[in-house]
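Read through the structure below, which is laid out as structure tokens, and then see the notes.
We call the chains A, B, C and D, going by the order they appear; numbering starts again at 1 in every chain.
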């Protein structure tokens, strides 16, 4: 049950889509989550710092992201956090990934019309 | 930071909408969240028990729910849990409410097209 | 992954302990979680409303609660929420239960000395 | 409300303590959170991959960590995730920090005796 996280934020890159040789659909995009905090001196809510994540989805969720999500959309995401170090020929780094269970457009920021899949593979 | 919860489930009633005398838009609906668990004997995922919540939203989120959510939709909701006892003339009961920060259609179950509000009041 | 919640609060009843006829240890207690909110008019943090939960634990966690937790302790709890209606001869009600994965004394409120179990059954 | 996370895991380094020139106590340690997953082929629970975090605490919580937590302890932590890139003379990297609200010894793994602070500063 641990390492579960829920995020709201901005889709910062066009979602990428691929299908593995085994036929597994995968979608991923970068998400910018900017925290809001109450500034007591200014007596108003202000933007805090931004966390960046790579959101990854599989199967039906991946296919529906392809049909539904664009760069600039506001979304809510829930899933499991995965922190992975990587090494290439010249560089090293850390990838902060969220393996998504559910993603939706955040209705705090706009309206949406929804069409259920005929068959759900979940 | 406590009592925060994220839910996925089925919108079980048509959303109700009202505007207070002070002009505050409010929307609410009943949400059925059915847990999935792995049955080792059957070696497959099965439906577990169902939790019922009253999801409540205010301001811009309430207005966008009116324009976007119908009974039968699958959604993801994040917000703060509020447990309240109530008494009427003849009965008592307990209401389990989620004061929603964000709500979206769950793209694990279908596709959606999103239109951002021109001005966001959040 | 849904219906997971983390709570901090006050242990409001002495933990009850029992062992089922199958030998399963169970512990439970009532938890009061009082939310803190920033009152802008008063320009300070104040107590908000209180949510009441029944926290339930099984196996090794139940046994360690018996040896460790008393009424009045401050704790942090993470687990799965279960909402159940009940009926007795004369009354009906709703029980809001947290099926705990982990519980610890909240070190924001005091100090603790910890002794690991020789064998862990988790 | 976003970027909130709850973790359970192993304290992997001795907690470090310092007091800023303004008198603010800070404590931090590395936490290894190893996910458990059910292996259907083996029909048993196995260790999954490990996420590494830097857990940071301030004020009273920091002081109580100094008095209570050692390398090798099992803990439960809840707080806000902060992802920060850093650059030194020769290297760059990413730090995944949890700004803790509450920390406790995980009673799934052992017993604890708790002493409340006389005055709580939270």
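Definition applied: contacts are C-beta pairs under 8 Å (C-beta built on N, C-alpha and C of every residue); 3 or more make two chains touch, one makes a residue touch a chain.
Keep in mind that this is a model prediction, so the values were computed, not measured.
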B-C compared against B-D, more contacting pairs: B-C
Far-end chain from chain C, centres as C-alpha averages: A
Length of the line joining the C-alpha centres of chain B and chain C, rounded to whole Å: 24
Chain centre separation in whole Å, for chain D relative to chain C (CA means): 20
Cα-centroid distance, chain B relative to chain D, in whole angstrom: 31
Per-residue overlap in chain C, given as positions that touch at least 2 other chains: 2, 4, 6, 8, 78, 80, 101
Sites on chain C touched by chain D in the complex: 6, 8, 60-61, 64-65, 67-70, 72-76, 78, 101-117, 120, 122
Chain C contact footprint on chain B (complex, rising order): 2-9, 33, 35, 49, 51-53, 80-84, 92-94, 96
Complex contact set, residues of chain D against chain B: 1-2, 4, 38, 40, 43, 78-80, 101
